[in-house]
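Next come two complexes built around subunit A: one with subunit B, the other with subunit C.
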Partner chain A sequence: MTAGHPQRRVTPMQSARGSATVPVRRPMHAAPDVRQHRGSAPNAAPRRASTPAQRRRRRLRSKYLPYMLVLPAAFLEIAIHVVPMLVGVWMSLLELTQFHIQDWSTAPFVGFGNYSATLDVNSETGKALLHSFGITVLYTTLSVAISWLFGLSAAVFLQRPFRGRALLRTLFLTPYALPVYAAVITWGFLFQRDTGLVNHVLVDQLGLVDGERPFWLIGENSFWALLVVSVWRTWPFALLCITAGLQNVPTEMYEAAAIDGAGFWRRITSVTLPSLRPINQVLLLVLFLWTFNDFNTPYVLFGGSAPPEADLISIHIYNSSFSTWDFGTGSAMSVALLLFLLLVTAVYLLITNRRRIHA
Partner chain B sequence: MAAALLTGSLAACGNPVADAKTLTYWASNQGSSLEFDKQTLAPVLERFEQQTGIHVKVEVVPWSDLLNRLLAAATSGRGPDVVNIGNTWSASLQATNALISFDAAAFDRIGGRDRFVPAALASAGAPGKAPAAVPLYSLSYALYYNKQMFADAGISKPPATWEELVEVGKRLTNGKQWGLAIEGANLSENAHHAFTFSQQYGGEWFDLSGKPTFDTDQNVKAIKRYIDLMAVDKIVNPSNAEYAKNESLSDFANRKAAMLLWQAAGSAFQAQGMRPEEYGIAHVPFPANPPAGGRKVNSMVAGINIAVFRHSRNLEGAMEFVKFMTSDDEQVALNKVYGSLPSVKGALTNPAFQAPEQKILAEVLASTASPLPQVTTESQFETLVGAVMKEQFANAANNKPITEAAIRAKLKAVEQRMKA
Partner chain C sequence: MREGRGERIARWIVLTFLAAFVLTPLYVMVSSALKPLQDVQDYFTWFPSTLTFQAFVDMWSTVPLGNYLLNSVIVASVAAVFSVVIAVFAAFAISRYRFRGRSVFSVAVLSTQMFPGILFLLPLFLIYVNLGTAGGVDLYQTRLGLVITYLTFSLPFSIWMLAGYFDSIPRGLDEAAQVDGAGSMRTLFTVILPTAVPGIVAVTVYAFMTAWGEVLFASIMTDQDSRTLAVGLQAYSTQFQVYWNQVMAASLVVSVPVVAGFLALQRYFVAGLTAGAVK
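Here is the complex of A and B:
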């Protein structure tokens, strides 16, 4: 394109605009930008004669420039993520109690002592941790599955334009926009036994419960109360992601499927879900990690001391660390949790990526 | 966790460096709000500045943050000069070595050890060691009762024994109201009662060397006695099993319950619209027939201590400030507003503390109150035993049987989770 006018300097913007106006006929499956790169690269170099020193300097600059650009991000990454993580690992190897908190160098090095004490399932500490872990796995599985299902249903429902769609979308997204603390405190009020709205509706208005009013914040029901709040908080994010994903599904595919005689369910399973595959892969992973680590919801809902039936691992670690002044043990639990989540993530990515390659 | 701790300590680094003319003071939340406390402290700090020329920068820290902030300050060696601490944290914070020890010389500096109420001073650090703090505000438990409800039920005097309390509690319980209100899901509150009941049953939560002794017969019976008020005697509304945010106090103030065990609740009742003449106040009951070895203890020594950080760059000024805050005049002024009791003998005789409520609290503090175990694992005890009791209340509220065997098993399990 620029070869015919060597004198004119062409900015990338112009060249891009130029290429857009030229009517190019090419098959849809061809990647449009590959040829362009190949075409413009040889033209750029001999535009101006330069001394070897300049050239060397430029080569040097171009060699290091990417690293210079990455440097601030790398520095921040190390300062914000890697260093605290390593400090946590270091803490987990120490007997770090209130006796040594002022000067960590005095804390006795216990190696894997904290780990063997917390992860020994025959000890009470280990049993409690294992129980909490089991609760958390169940909680996370249910919460992610239900949130994803809600998000998908709502996104499909809102896919076609209709009156009031924007309003409904906004409404559905409000839980995601509300501050966590305010929302969960409100849920805490709703779940109160005597004065809560939940019991008022279930017992007084609908008469669904015979006999005594149920408890929601203590006892077995506390798990379900926590799950309800978690799903309420999480599913709008699933909706948001899936809605964004659906925008990229070409309507032609639905039309083609309709012409082929595919019904609603067939269109969902054969067009929508396969198209959402990359979105879902990330979405499920993110939801899993968030829910598994969720601290705010149980902390605010139960006031820092979750009932055993809803003793999530984040609260459990907090109680084993901050409220008992035993930071070494708390860190050991945190590091073990980190390793577990890393393992799950790695296995998940391995399986989903392999399946995609085979597909 | 590590990240939280680190950011906490980084945040603490932002504090300005103190010099001889300024002090940073973290006050605990004593009144109805942080703003209320700020306004209460403002004239006091102004008087201090007039006397000494030292400007005090005060920050009222909510209870939910105070311990974490103190730990961050202890870790980083930066932060405030003078702080308020819950007195049950004294031994734990003493172990960090971040606070000044009040040895003989330090006590001389602030006007002498003998000025302080002995019971209050006993909860300022491990026994046999120089205290890590000095008492600032003192509190004790008392039995509050609704006079009108007692009169309606034909009860002439408050119960003096648990047996009497159960008996009148049953007479006071009807469709509209309950005999007693309990904060069943509040771990600290539960642990305080565990301590008192255990003392009355001749038990101890820690032996002399500081080792936990949770699953003893006395402790099991003590906890069962408390839970049975709901489970067996049925004088407590089962809903109280989920109370953790002072709902029991509201229930009493709103005439849903006739009795309440609490520390200096008068100002809180007033805030909820209950006038002082509406309620009576009495000592927390004892068992009618004290078990062998039972002690005459019916309250913990509750309260707030004031401490000085070793890393302070204005130690002279900090000690001067502690002396000022524990002076008779300021003790009267501050405790009067907060409804608590002075920690120095000189201020206790002031007419401001001769109201029925303060008189009872002072009597209890002087005679039958005992400090919670001053051991470094005290907060672990509160968390773990408090949670066991919360679970038992939840079982009682759901009509599950409460047995000694079950309580013993739970106590045994949490004792093993304590680090020696």
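Here is the complex of A and C:
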């Protein structure tokens, strides 16, 4: 139907000639294909209708095509992620305080000075950072564990069809779809001391609290408020992934287990969980990284600055950078955080992969 | 396989608890938006004393919500469209070609997704500011700067998801098109894209949601004119008194489009996620 189209005539010819070395099954592996044809090009030339210039252009195009295809993505990734990261590392080695931000060239090079200042646990900033780190570890552990547990229970109980199942599944996914700020602002309203729902239920309706209405967004309780919001926002993603993972478990396996007399609990531990292992490996890592780096939840819930009890690492770095305009120290903390996360990820992948091989 | 009695009771308890947990804030958001002001200034009540839509009227004048909404729509739409277009090409290359640097590219792209946002924030902030003062390229506190930033944020996951989707399209289809004389680009546009519509839809929704909901960069990189909803909505609480009914009404209005979009396309989204994740 496209007779006379210049490109049409070439492709079948190329694949026919290349069939000895290039499998016809993979005709689009452009780079090896072209390199192979370069040698034999003069022989084939007279039989082609296209001019040499056209052919060269086409050959160049197919050789560089994959690179041209990834170029925009690669450019953006480099410009917005890689370069800022390198700049960040460089910034962490400078004394980049408010006096030098206008002109970086005047910022003195201090080497690892920022690192030793921030990571020194005896100094004031070091203590604050360590405290924030501890809070973040606790927050992440609890949030990921509870979210995973919620996601798993819901996914398992939603496996069996019943009336209203689709509706329930849709409802459960809503927190994931809701914009972060809308969800967190609403929770902020729920946690208001006088006008909020939480105190109304706990104090007025259930009478669980004696005396004063507790504050939820300042003081000790703020950590738990933050945790509740985090779980509310996170667990639907666990549900989504685990549901997807459960679809790959053949029903015969459950039936076989049931015939063998395995009860509900036994089916979970010996069929469901082992089948979910590959999903869980990725899911837990992703949840860990997202929660550990969480900035949005505390930022919106507490309106910019978190109380010390809920001072997560991201918001700690943010505040110590922008309140004092000391970007050198802030960058040093960010880089240290990145190194920590890389280390945890590497160790995690090493352990889980080894266990998978041995299992 | 029959469901045991204990299992049924457990299912009932767990699902009821989770439904109540998820539903409570959503209910409060909707019911408070329908309350008159004095209701939300007093102790909490489960039901409005009178139903009123006044909050939906007043919310536009308390803060310039219209501007914020417009900024968010522009930024999120443009970022989503460009993100998907760029991701389609990159995912096509990753899925259908073996080229030098392919695995480095895929790993690097995905791992940036996992890095702390705060790590990019400080340098990017200074780069944008300096590009403006030295190079005359206005990215700081402009919508263009936000678009570029957000589209890069959604790129890694979009590429990853789409590459998984393209992988699941049989190569036989490509070859048939090749035999018919279609070039690489023709194959992409006439064979792969029509087959991958669900994946592309899912990625578009994902990219839009990413830009629509981002808070960290929006809080630093915007000024009064370019402010998006993520920051703008918090402006209600800096007023002399907090109009919680208006805050809830505004939250509802900005949530409905994305939630509706996501839930309507949920099947495709899950399919796209599964294609990328499960393999």
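The criterion applied here is as follows: the second predicted complex is superposed on the first by the 282 of 359 C-alpha atoms of A that agree within 3 Å, B and C clash if a C-alpha of one lies under 4 Å from a C-alpha of the other, contacts with A are read in each partner's own complex, and residues count from 1 in each chain.
We take it that contacts are C-beta pairs under 8 Å (C-beta built on N, C-alpha and C of every residue); 3 or more make two chains touch, one makes a residue touch a chain.
Please read all numbers here as calculations on a predicted model, not as lab measurements.
A.B. asks: Have a look at where A:Y318 lands relative to subunit B and subunit C in the superposition and call it first, second, both or neither.
C.D. replies: In the superposed model, A:Y318 contacts both subunit B and subunit C.
A.B. asks: After the superposition on A, what does A:Y67 contact: first (subunit B), second (subunit C), both or neither?
C.D. replies: Touch partner of A:Y67: subunit C, not subunit B.
A.B. asks: Scan A:D210 for contacts with subunit B and subunit C and give back first, second, both or neither.
C.D. replies: Touch partners of A:D210: none, neither subunit B nor subunit C.
A.B. asks: State whether A:M91 touches subunit B only (first), subunit C only (second), both chains, or neither.
C.D. replies: Both partners, subunit B and subunit C.
A.B. asks: Going by the contact rule set out at the top, does A:S331 touch subunit B (first), subunit C (second), both, or neither?
C.D. replies: Touch status of A:S331: both partners.
A.B. asks: When the two structures are overlaid on chain A, which partner does A:E252 contact: first (subunit B), second (subunit C), both, or neither?
C.D. replies: Once the two structures are laid over each other on A, A:E252 reaches no partner at all.
A.B. asks: Look at the residues of subunit A and decide whether subunit B or subunit C touches more of them.
C.D. replies: Answer, by number of touched residues of subunit A: C.
A.B. asks: Would you check which partner chain A:D194 touches, where first means subunit B only, second means subunit C only, and both and neither mean what they say?
C.D. replies: A:D194 sits against subunit B and subunit C alike.
A.B. asks: Kindly classify A:S305 by the partners it touches after superposition: subunit B alone (first), subunit C alone (second), both, or neither?
C.D. replies: In the superposition, A:S305 contacts subunit B only.
A.B. asks: Can you list the residues of subunit A that meet both subunit B and subunit C?
C.D. replies: 83-85, 87-88, 91, 101, 192, 194, 303, 317-318, 321-322, 327, 330-331, 334
A.B. asks: Where on subunit B is subunit A touching in the complex?
C.D. replies: Counting only subunit B, the residues touching subunit A are 1-3, 5-6, 67-68, 71, 74-75, 77, 92-93, 95-98, 185, 187, 237-239, 241-242, 244-245, 376-377, 379-380, 383-384, 386-387, 390-391, 393-395, 397-399, 413-414, 416-417, 419.
A.B. asks: If we count contacts the way the header does, which residues on subunit A are in touch with subunit C in the complex?
C.D. replies: 1-2, 5, 7-9, 11-12, 15, 24-32, 62, 65-67, 69-70, 72-74, 76-77, 79-85, 87-88, 91, 101, 104, 150, 153-154, 157-158, 160, 168, 170-183, 185-187, 189-190, 192, 194-197, 199-200, 204, 232, 236, 240-241, 243-245, 247-248, 254-255, 258, 263-264, 279, 282, 286, 289, 292-293, 295-296, 299-300, 303, 314, 317-318, 321-322, 327, 330-331, 334-335, 337-338, 341, 345
A.B. asks: Inside the complex, what are the residues of subunit A that reach subunit B?
C.D. replies: 83-85, 87-88, 91, 97-99, 101-102, 123-125, 127-128, 192-194, 212, 215, 217-219, 303-305, 307-308, 317-319, 321-327, 329-331, 334
A.B. asks: Which subunit C residues qualify as touching subunit A in the complex?
C.D. replies: Checking each residue of subunit C against subunit A gives 1, 3-4, 6-7, 10-11, 14-15, 18-19, 21-26, 28-29, 32, 40-45, 86-87, 89-90, 92-94, 96-100, 102, 105, 108-109, 112, 114-124, 126-127, 130, 148-149, 151-152, 155-156, 159, 171, 174-175, 178-181, 183-184, 187, 209, 212-213, 215-216, 219-220, 229-230, 233-234, 237, 244, 247-248, 251-252, 254-255, 258-259, 262-263, 266, 270, 273-274, 277-278.
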